[in-house]
Amino acid sequence: MSSEFGKKLTVSIFGQSHGEAIGCVVNGFPAGEEIDFDKLSRFMDRRRGGKGAHSTLRAEADKPEFLSGVAEGKTCAFPLCAIIKNADKRSGDYSALQNTPRPGHADLTAYFKWGRNVDMRGGGHFSGRLTAPICVAGGIAKQILERKGVFIGAHVSQIAGVKDASFPVFPEKAMFDEISEKKIPVIDDQAGDEMLSEIEQARLSLDSVGGIVECAIIGVPEGLGNPMFDGVENRLAQAIFGIPAVKGVEFGAGFEAANLRGSQNNDAFFFDEKGRVRSETNHSGGILGGITTGMPITLRAAFKPTPSISGKQKTVNLETKENTEIEISGRHDPTVVIRAVPVVEAVCALTVLDMMLEENQ
Amino acid sequence: MSSEFGKKLTVSIFGQSHGEAIGCVVNGFPAGEEIDFDKLSRFMDRRRGGKGAHSTLRAEADKPEFLSGVAEGKTCAFPLCAIIKNADKRSGDYSALQNTPRPGHADLTAYFKWGRNVDMRGGGHFSGRLTAPICVAGGIAKQILERKGVFIGAHVSQIAGVKDASFPVFPEKAMFDEISEKKIPVIDDQAGDEMLSEIEQARLSLDSVGGIVECAIIGVPEGLGNPMFDGVENRLAQAIFGIPAVKGVEFGAGFEAANLRGSQNNDAFFFDEKGRVRSETNHSGGILGGITTGMPITLRAAFKPTPSISGKQKTVNLETKENTEIEISGRHDPTVVIRAVPVVEAVCALTVLDMMLEENQ
Amino acid sequence: MSSEFGKKLTVSIFGQSHGEAIGCVVNGFPAGEEIDFDKLSRFMDRRRGGKGAHSTLRAEADKPEFLSGVAEGKTCAFPLCAIIKNADKRSGDYSALQNTPRPGHADLTAYFKWGRNVDMRGGGHFSGRLTAPICVAGGIAKQILERKGVFIGAHVSQIAGVKDASFPVFPEKAMFDEISEKKIPVIDDQAGDEMLSEIEQARLSLDSVGGIVECAIIGVPEGLGNPMFDGVENRLAQAIFGIPAVKGVEFGAGFEAANLRGSQNNDAFFFDEKGRVRSETNHSGGILGGITTGMPITLRAAFKPTPSISGKQKTVNLETKENTEIEISGRHDPTVVIRAVPVVEAVCALTVLDMMLEENQ
Amino acid sequence: MSSEFGKKLTVSIFGQSHGEAIGCVVNGFPAGEEIDFDKLSRFMDRRRGGKGAHSTLRAEADKPEFLSGVAEGKTCAFPLCAIIKNADKRSGDYSALQNTPRPGHADLTAYFKWGRNVDMRGGGHFSGRLTAPICVAGGIAKQILERKGVFIGAHVSQIAGVKDASFPVFPEKAMFDEISEKKIPVIDDQAGDEMLSEIEQARLSLDSVGGIVECAIIGVPEGLGNPMFDGVENRLAQAIFGIPAVKGVEFGAGFEAANLRGSQNNDAFFFDEKGRVRSETNHSGGILGGITTGMPITLRAAFKPTPSISGKQKTVNLETKENTEIEISGRHDPTVVIRAVPVVEAVCALTVLDMMLEENQ
């Protein structure tokens, strides 16, 4: 349902921002897979934006505890449950917070759906914090995929109008590793510096910026996916739109294909030296008819600017039924895009592993 | 699975381009809904692009026969099956066609998935022709939605670089109706003329062009949708990527949000004269946290150029394992974008009706 | 949803008793599987009870037409749609029929659910006739399973208190074939004769009789199924209760296990001459913890007596809100049990094939 | 998937017998529902068999901690996660335990499915202990249902050949309450005493006994459920077979219907004094065509004898590939039937609530 996705590998996310704990239950991880907890921890750190001052504002431990599904450091055939305790939980009458819904947040729509019967403290279940258990599940999926020769990398493709270079037609694992070590995960460091500068300017003007994450998945077996509504694009898009703030998803040339002619957009096939079918361009993003070609899967996800900004904003008072203004106090993260990079990788890993497991690959 | 979507309203599409018939089975239409068959027929005609020379090349009757689920002109509580017989079916050894997969088509990936055991005559189940039964199901869904006050309209937002105007923040049914009557469904007729000229140029150079369809859904109840992976965006995107040639989907400001600051992108709320919460802008596309705000839902889908073009193209011979060239004979539709307009509407109608039925709305 | 089941192999059944046609759509049959249409036809004949006078009352052709999913006599990777046209369709105001619901039928509950907006002519979508498309799908599944070494047989285990012998611990394909050729599919012909006599007596007294079908599935790979809610029992039971008139399902010793001690009920394991783990008894019905042991899967399904009987019966008039009586005219089939035998096989075949395909077996 | 069930209300169970914790995640509880934690605790106690010496052998606290989905004592719109920590967790090389699989347990089938890569200490995820989180979820569902006027009661219908009385045609809440307070939950206390005596005898002979649980659900709205594969019977059966040791499920007259004639089995309808359609008998178990009649839903589930018995049993050594014997040490519960009574109620509550929520009831 709402907080679950997947078919043979199902991921269920639970928790509110200020509840006891957040976590995930994953059904369907192959049994006997070793989990490298240090590597998982480093992956989780990327989501916390730990390397710079640009993105995280409060220290969160975010260390997952594994309640089930793991024995002797390996997956043990049964549902995996991992939880992350909330250090920062608050009680008290939270329903009052919903009277003046913050623009760009789910406050208003949560009110429409559940009235006062909803725990929206700190964003509730809509909080970006819920991407932490997605990264626990996805980090393990990435490790399993790597043993199958499938590697996933992402970078900030654009922030506030500043564009990074694109992945080459054939990105490699080494590139993914290098990017993931950077303070800001980009290909072109100069673009990265400009992005940081844009973020800083936004922060100083109490504003925020949006951006785009580009992701590539290499080593995916050819022939994965199904026609029409169960293709690789359908499945990835459905999952990626589950990441807070995503407003667009495109594959290969994506919206740019609208500017191309067929003679430009078609990827011409050839046999490479290993006898594999390849193409010199990859406008299809590695997917034709919903099914993988064996070329890298490439996609881009658009993130809106963080809706939490510090200036005055117009809104409504749902109790008095009058128009009003609010000012959101506290320090805010001026962009979610950098922290979103490993989250996109995590969601892609879970979806691709799910689809491979469906084919027993 | 692959050719099915929906939860409480499920749509299953079957058929190959050159098989006996194509069709759909829909479970979950509300009982007792009158079907206006003339209106349905006019809706189907829009997919055939019947009004101009730009899009259709062969006459297809496309008249659906209803085998079940309809009695006395109304839905009758049980699964609806409608079929469209294929006038143009051919037998013979079709497997040979797959030796030299056409770039941009699913020929190669179908071969990877099923080897020779697949009926790819005329594109098989991947053919654009399969959008006809989608329109049967979606056309009925549209009629049911209209009785609930929900209206769906779409237009060609871009073809080959030529851009139409965008829907206003509050589009109205009359506008949808007007657009749907046009030879090319656009808001700005001059843009439409330029598009037709681009299409004609592509056709003359034996090439094809891609484009974008913008769709708006008005009258959707507020509070529809669920958090995370079962929001309105997740569900619509999953379904829309089921339309052949779609390579990108975005909601509201979409990818443009990457260029905006939070102060620009946030939609400020106010009470309108009827006491409804509205916003002056609609960068959210009517969806916050996956749940509807009551504002129009707006989305855009990118279509790649028709992969069938007439010039020589490089490809591989899967039998001889040699690189080769092909030339695709016959006349081709230089763009799918115009015909895709009602298909986008149909898929949106089915998805929104499904989500409304889940809430018994 | 309602008329669909399966995960990787999904079966969707459509049609009303007096509509244009009934049929099925199956997604997920492996590609390239030859269909023996004669064999399928013989399988369908068993459902029609064609060999004796005991069960069928009107001649139905029941010949399926394949609209999609089949090419050159083989499954072709895409959704298979087969239809059976209704020779005996009637129009006219059918809603009146629902005023006095027939006891034991779905007339009353259909009225509760859909009011007058439902096509209940001849039982509508609840008619036993809808088991014909189940047999089309299941008959093909059986053929595919046989190539994998999996064989399914069923017999009338009980009718009106007369009991047939039970399958031995290790039933064989030859036994299944032999039973399927009989006028009444039983192991012990004398029991069969007594059953026929009971049926005849019921018929003469304008009454009907219930019974039990026992089914065995041999050759199923060990290790099939999943814990808790997705075990082989869960899946088979969910599907078998979809056959009209089924009121109970049990596996292995089933309800009899309530009378046994653990020391009697536990099946002791041993290695057979081929090194396979086997047990001398099979009280588990080949399933432990929801997962197959490699022993035959055995199950029994209870069928209620045909609710259509000829005497006067008390019922209500839903229009006048008064208690009343009805007499159901026409000749009725005094038992569904004999015709249900291949239907049980069909449903088991589809479910087991689905679960095997999920494991790529 | 495997450890999940439900559609609009989904229940996911996780945990191994000797892992860190067991628990559940429930998506879809209505928001704002107060949870009576004392009442829930008393319900949980019934599963522990706390009132007598007949069933529990070790003290378990089984107190659930709520990590999410609850705020200020109410459901808060988001996924509910509850965990029960395992006091009795053991580490060490557990894989050795699987060499000689215990007859009647899932040891063998787990080995077939996952080889050594499975945590089967104490039965792993197959342990009866996993019914505790089912009762947490189901206990809350029961409380919500009671506010909707739906009440669920169950009793031990049979143990080791000793039969309790059956529920009357119209059981009442007071009866359910009374039974639930008893040392052994039966209608006829004398039958209860005989059952206890049978259990004691089995215990003394180091053996175990099976039995049957009868469950009734009153107050269910008429018209609930869907045709064919998504009826009330299909859904309940699928879920009930998820309770460990269940080998049969029947509704209404169930297998007994095989002995009845149609004239006996059909339930004659009449209007009761409140103008509701009722029937004097309830052989249908409140379900016709998969849809509720408004009469009580009645069902029976057969439980096999506890497979853990103390004598020597034949089995195989999967390592040496030789036939061998095992003796299972420790004290064992001679029957699961008494403890299963609230578990059956819990599963029924979750399923019925799910189906009601699907209809927004």
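Some notes on this structure:
Here the chain labels run A, B, C and D in written order, and each chain numbers its own residues starting at 1.
In the analysis below, a residue touches a chain if its C-beta (ideal position, glycine included) is under 8 Å from a C-beta of that chain, and two chains touch if they have at least 3 such contacts.
Remember, predicted model here, so these are calculated numbers, not experimental data.
By count of C-beta pairs in contact, C-D exceeds the other of the chain pairs C-D and A-D. Matching the C-alpha atoms of subunit A with those of subunit B calls for a turn of 180 degrees, to the nearest 5.
Per-chain Cα centroids separate subunit C from subunit D by 27 Å. Separating the centre of subunit A from that of subunit D, both taken as means of CA atoms, is a distance of 39 Å. Among the residues of subunit B, those in touch with two or more other chains are 1-4, 7-8, 13, 78, 110, 113, 125, 227.
Every residue of subunit D that touches subunit A in the complex is listed here, in rising order: 1-4, 7-8, 10, 12-16, 19-23, 25, 27-28, 31-32, 65-72, 74-81, 83, 91, 94, 110, 113-119, 121, 124-125.
Listed in rising order, the residues of subunit B touching subunit D in the complex are 7-8, 78, 227, 358-360. Residues 1-5, 13, 101, 103-106, 108-110, 112-113, 125-126, 130, 158-161, 202, 207-212, 222-223, 225-231, 233-235, 237-239, 241-242, 244, 246-255, 257-271, 275, 277, 279, 283-285, 287-294, 300, 302-309, 311, 313-316, 318, 321-323 of subunit D are the ones that touch subunit C when the two sit in their complex.
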